[in-house]
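Across the two complexes that follow, chain A remains constant while its partner is chain B and subsequently chain C.
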Partner chain A sequence: MLNYIIRRILYAIPILIGVNLITFTLFFVVNTPDDMARMQLGIKRVTPDAIAKWKQERGYDKPLMFNGSEKGIAKFTRTIFFEKSAAMFAFHFGQADDGRDIGREIKTRMMPSLAIALPVFVLGLGVYIVAALIMVFFRATYVDFVGVVLCVALMSISSLFYIIGGQFLISKLWHLVPISGYGEGLNATKFLVLPVIVGVISAAGSNTRWYRTIFLEEMGKDYVRTARAKGLPESIVLFRHVLNNAMIPILTGAVVVIPLLFLGSLLAESFFGIPGLGSYTIDAINSQDFAVVRAMVFLGSLLYIFGLILTDISYTLVDPRIRLQ
Partner chain B sequence: MSPLLQINNLTTVIHSAAALAWPVDGLTLHIMKGETFALLGESGCGKSMTALSVMRLLPEVGEIASGSVCLHGEDLLLLPETAMRGIRGRRISMIFQEPMLSLNPVMTVAEQIGEVLQRHFSLRGAAAQKRILEILNQVGIPDAARRMSEYPFQFSGGMKQRIMIAMALAGEPELLIADEPTTALDVTIQAQVLGLMREVQQRNGMSILLITHDLAIAAETAHRVGIMYAGEIVETASRDEFFRGPAHPYSKKLLASLPRRERRRQGLPLSAIQGNVPLLSREFVGCRFADRCDHAWELCHEVAPEWITVTDGHRVRCHLFDKDMPAVIREGGFKGTKPESGTQDSGSWLKPDSQIRPAVAATETPDSCLLSVKDLKVYFPIYKGLMRSVAGYVKAVDGVSLSIQQGKTLALVGESGCGKTTVGKSILQLIPPTAGSVRYNGLELVGLERKRLREMRAQFQLIFQDPYASLNPRMRIVEIIEEGINSLNAGDDREENTAARQSGTASAERLDALLKSVGLPPEAKWRYPHEFSGGQRQRIAIARALAVHPKLIVCDEPTSALDVSVQAQILNLLKQLQDSLGLAYLFITHNISVVEYLADEVAVMYLGRIVEYGSVDEVLNNPRHPYTQALLSAVPVIELESRRHIIHLHGDLPSPANPPPGCHFHPRCPHVMPICRKTYPATSTFSSTHSARCYLYPPEQEQEQGQKQGQKQGQKQEPESTSTGVG
Partner chain C sequence: MPFEPIILWTDALVYLLVTVIGVFVWHVRRSEHLLVPWRRVGHSASGMAALTILTFFMVIGLLDTVHMRPAVTNNAATEKAYSIEVLSLLDVIAAPLRTRVEKTYSAPFAAHLYAKETVELPDGGQAREFPRLKFGGAHLEDPEAQLIGDVIWRAARGGALGLFLWCLIVASLSVSLARRGRQTFLSALAGIWRGATDVPWNAICITLALMLLLSGAALALCGDYHIFGTDKVGQDVFYLSLKSIRTGLVIGTLTTLMMLPFALLLGITAGYFQGWVDDVIQYLYTTLSSIPSVLLIAAAVLMMQVYMETHPELFDTIAARADLRLLFLCIILGVTSWTGLCRLLRGETLKLREMEYIQAAHAFGVSHWRIISRHILPNVMHIVLITTVMDFSGLVLAEAVLSYVGVGVDPSMISFGTMINAARLEMAREPMVWWALLAAFSFMFALVLSANLFADAVQNAFDPRMRIAPAKVRILRRRGAKQSKAESAESLSGTGN
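Coming up: the complex of A and B.
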């Protein structure tokens, strides 16, 4: 087990380097350092000198990947790629184009993101499982049929609709909560209610239907027939036998996203004006702030790898058949 | 005495999207206390549905339409569901075919048995634990105290079925329904489980409803048998009465379709039953078997036969036994009988003008060695530790040598997990061998250049076990067969083939002939695999293999997924193809009776090595290795007189990753000696073809005889001999 985790962490290093390289390449294929400088300085004041100065201040005056004018190993280290990447592995993300420290920014923006994502995750998991169980218990009746129709309907509607519809109905017409914004401490609660509800509903259709499929598949297995042949009532068959086995794919599917909750949601945060990491990323993309985008992509892949390792560990907890080695 | 279970006129309906089906249609049977009743029949005739109807555990689309199921005179079908739950697991228990799937994988064995105790006896805690241990000991789980808290995946297949039996026994039932309880198990394990069931029955005096397709199992375990066909029972009799003289034509045919050596000696094909079990969604007029019956006349197609008592306790549903029928018709029915219909159904396709050219020229020497394998090894590495270094090997195949002559069949026999499939695949270079040599017609295949090997592939083909999984469901039959022809250029006639592809007609003709040769109509080529039955699919798989004119076919359990009557059709086909095309077969199987019918030579494999090798007569009549002896004794046979002596092997097949030291078989061997635990025995030879690896026989014999043989072989100019090949 320990061996397995150490090996997985070692595997993570080349993956992170690769992700970095790809982000770097993609970003600079569409965008040269000159474009970045021009964007930052504004169209009017642009002179070649100003661009050169801007680049030099921020370390963008070197070649991208290979520096022919240096000697030895410095041919690779004195480049934009190396200088901007190496520090990232020590979580030194550097400064954004506006001069703020990215690391600090991430720390402060993490909490608002988590404040939405965590309740959506926990509440959602509970609601979807209960809904799916009810549909399975009443399978092949109208309860099941109506449930499936509802799921498909929920799936078919864009999540933008839930956001705008929710804002219109709950905030504009009924004046129950503010349309958007964020507050400190407990004050934030009134701003969070709507995004959380919208978050749960917009994912309800696909997840409930998926869980229902998992439950039904388990119901068809031979061991369920064995359990019935023992004379067990249907509720025990469902809760003790089916649920335990169905939780294996459900839990492990859910565990992988837990670390990613820190990154928040791009869409909801932008619409509800929440100062989290999701809106931070969107803003950085809009202003072509390479340092922030790369820091967020790096963090994203790091957390995803962490999530996958967590998934593997959670397998060993819920499924006795699996041993990591 | 009133019967324990009385089923009257039971009819079960399955509502499917397309149509209604009646898997059980007016079934009547009774089971006495302490009696084993075997319900026999082919797959799809409604046996399992009968059992599930008794338990009222039909799938959701199923429904009991009419009839009654009385346990001690109480109709179970009238009980409310809650009362029925008190009967399930308590008065009637059931065990299923797949012990691997029938246990909950995430609950410990003790928890699963404990559920029954808690449900029916409100037994919990220490009292329950004590009782669980008692039951597990009763069904022969070794080291039960420790193992009861383990999960099902930690047990072997045979042990899992014992646990299922333990779970069934926990309720102390009056009736045990066993639905194909040993079909998924190896013969030696099957013998253990059947023995256990008999033992438990004698101790507890319970009745057993045994559902099986295997006539021999019924002959060994049942007191009375019922033959089921297309949803109804067509014959019931006591075991002795039935196997002495089955009355119904279907019963007779079932018995006759069992592969036996005598039939091959006489050069007779097996008597296959033509056609398939009819779909149960159709409406039946007259006798359900009439379409496949040799004795049928008009009346059979018009009026369903009533029950007729042949002798006391032996009843049959067939017009042949109707005393009211004029004797003329009755005899006429018999007269119309062809002696062997099996020859009829597939004999016609092999005419001299057949489009399939024999792959073997008649001038070739008959005993030339087509395939010779020497010291073949296939090791799979086991990785361990932080850097995943190789910590050991699973020696799936550990030094196997064998040879097959042109037009002959070598059967490779062994239990699951002994490495026989790996041998087949590594001979065909589908799994690269770790070491050893595979020579095909003198050409070394191991390490052969990829391109050359690809060209050679037309010469040797493979037929897989499961025809349901081995044909691409999205391809038409014509595409499945042509794919092989096109990619391998069909061996020698490359020009003809390219020309054919241009014109399209010649290749179409060839395809039709090919389909005809495996007994399928040419129109079949436009259809998809799912439109065919299991037997027909295996015919398609054979046609696919034959399409490129191979000389060697590796058949990997080709009939084990098929019913007995269909198995006979396929075996006949394989035999006829061998005779006409001069094919050589490597026949991988666990089924000894198939070996008897088809093979010329037999190699018995145990844990990666061949333990005995010889001609069919030598190995089957005079087995020398204790494993072969046990394997043969464990095969159920239909014998009326003496119950044969079964050599019971203890335990399961050990893991090939960690084989026992010395002779791999010694932990299970009844004749184990101290030396067996130390080193693997050398080859002992008994005749020029027969050899075994066992310390019971002096290896010196080998040297003397080996020399003699060497001289003999020198004269015969055999490149490889089977006896020396075993080493």
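Coming up: the complex of A and C.
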């Protein structure tokens, strides 16, 4: 088990290096730092001095991969690649355009992101599984049919409309909770209710439908027939046997996103004004702060790969047939 | 010539796509075994109803794809000069909608502006009131009294015209069915009515009636009213919604077109050759797919923006610029989304290459290229098809989100995303401006819902796992219907197993 985990972590390293190379190519090779400086400072009427100053402020005034003017190991370390890209492995994300340290920002913004993403995840998982179970229990009846139609309809609505609709209905029309904002500690609760509800509903269609398919697939298995033949009532078959076995595919989909919860949701956070990582990313995209976007790409892939490893471990916990070697 | 035809990049690709689909249809029609799953799609009531609606969208999208630049002067003696404004066929047809621009917001079917203005009274004094619209309901003398009656009268006239058209279509359909089935016209009509036909003509006809009724009424009204109101700069929202359709369709289809070469080539090569080729390709797609897609798209689009800013020589008009950005967006979405299909294709190819007929082909000394193109490619096409139709609706939805994030289409390009983005802030206005959001919502919902339903029908027909599954759900089955109806009922309720 431990061996396997170590091997998985080692296997993650070349992937992370790949991600790093992709972001490096994207941000420094496709467009040179000069292009970026010109874009930021305005296309016309930009002096070479201004570009040089912009690059120097951000540390982009070095060669990309190989610095011939330095000696020894510094030939490789005093380059953009080493200082900007490879340094991310040590979580040195550098500075944002407003001069703040990105690493510190990420640490402080992680909690608000988690405060909305975690309840959405837990509540969502519960609601979708229950809804799917109800549909499967009443399968081949109108309950099931209406449920599936509802799922497809919910799937066909853009998540933007859920947020706009939720804000309009609950905050503006009924005045139940504030439209947007964020507070410290328990104060945050009233700000979080709406984003969490909207988050759960907006993903309801596709997830419920998917879980329903998983349950139905399990219903066709032999052990279900055996259980029925023993004379077990349908509810026991469903809730004890099918639910337990269906947890395996459900877990694969669910565990992998747990680390990504730290990143928060781009849309919800910016709409509801929650100072998390999602709104940080959106602000960075809108102000074309390349350093922040680069850091978020790297962090995102790191968390995703971590999620994959977690998924494999969770397999062994729920399914004794699987042994990791 | 009064205009100069223009083929933008995405136009060319849309034409290419239409040609490819045409060739594909022609190819399928000739071979019976390829036709079988398509017949199953044709027997799905929800699928065919969805296809009917999609056809309306596609016609609008195609009309909007034929671009041209109108001549500024029609005088033949002077040198020909063309406007730098690029228009599409839809723009020309909907010229009244495009050109009748009001001052600012106005509600649907309104005759007055939504904002109070200071107007000069005849006696020289001034008053704050809602001024009349320049175009919306301008033919009415007394809007308060006449408006509702006029709207109903026009809508009824348009709807009646639509229904008349519908009757013609249904009649000609019955005639052709009667001729093919050697029955009388009336019995064919009765067959359609009862739903006793193989192809669910009754579902198609009901959908068609609804669509024709709505579009007839809309067409009759849109000339004299703004049926979805006007936006902040006074543009007709109905026109904006029609224009958004093409953007959505282009993103949904061209992205797949961009992604297919990558996925097919890499997926099949990895599964077929295995060894180090497989390792490299697997590493490639694991790496790409481990970057959260929104972030990767955002990063790529940011870089594209920089590239386009520093290379203004690539485009000569605003339309060309917006179009190029749309194309880049499709390419970026394609490059970031091929990994899922690639993985599926690799797995399927791994399975296929162990099949006996492939082994036999090997033994006969058939070349790798020929085995792949003759034996493997046709047998993975169902996966490609299912993925393509399933991805479509997701891409249309993604466009709106990406435009909101700021990494979507060009702000000057009309799309659902830019519409929602502009309308979002209007919700906070007092009194609220809701119609732009409603229009974007209803058009997008209709498009995505029908795409989803059609995708379900295609998946049910092509996925072998779905086929062996016993039909458990038969609640929609009609008593008079043939056995094959069970399948369509199954697909309607979306039962996988």
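As a working rule, the second predicted complex is superposed on the first by the 296 of 325 C-alpha atoms of A that agree within 3 Å, B and C clash if a C-alpha of one lies under 4 Å from a C-alpha of the other, contacts with A are read in each partner's own complex, and residues count from 1 in each chain.
Simple rule for what comes next: a residue touches a chain if its C-beta (ideal position, glycine included) is under 8 Å from a C-beta of that chain, and two chains touch if they have at least 3 such contacts.
What you see is a predicted model, and the numbers here were worked out from it, not measured in a lab.
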{"item": "Which of chain B and chain C A:A229 touches, first, second, both or neither", "value": "first"}
{"item": "Chain B versus chain C as contact partner of A:D319, first or second or both or neither", "value": "first"}
{"item": "Touching partner for A:N245 - first (chain B), second (chain C), both, neither", "value": "first"}
{"item": "Touching partner for A:K221 - first (chain B), second (chain C), both, neither", "value": "first"}
{"item": "Comparison of chain B and chain C by chain A residues contacted", "value": "C"}
{"item": "Which superposed partner A:L266 touches (first chain B, second chain C, both, neither)", "value": "second"}
{"item": "First, second, both or neither for A:A140, with chain B first and chain C second", "value": "both"}
{"item": "Partner chain(s) touched by A:I51 [first = chain B, second = chain C, both, neither]", "value": "neither"}
{"item": "Partner chain(s) touched by A:V148 [first = chain B, second = chain C, both, neither]", "value": "second"}
{"item": "Set intersection of chain A contacts, chain C complex versus chain B complex", "value": "139-140"}
{"item": "Complex contacts: residues of chain C adjacent to chain A", "value": "283-284, 286-288, 290-292, 294-296, 298-300, 302-303, 305-307, 309-310, 312, 393, 397, 400-401, 404-407, 416, 420, 424, 427, 437, 441, 444-445, 448-449, 452-453, 456, 469, 472-476, 492-497"}
{"item": "Chain A - residues contacting chain C, complex", "value": "14-15, 18-19, 22-23, 26-27, 30-31, 35-36, 38-39, 43, 139-142, 144-145, 148, 151-153, 155-161, 164, 167-168, 172, 209, 213, 216-217, 219-220, 260, 263, 266-267, 281-282, 285-286, 288, 290, 293-294, 296-297, 300-301, 304-305, 308"}
{"item": "Contact footprint of chain A on chain B as seen in their complex", "value": "55, 57, 60, 82, 85-90, 93-94, 96, 98, 101-107, 115-116, 119-120, 151, 153, 164, 167, 171, 384-388"}
{"item": "Sites on chain A touched by chain B in the complex", "value": "3, 6-7, 139-140, 221-223, 225-233, 240-241, 244-245, 248, 318-321, 325"}
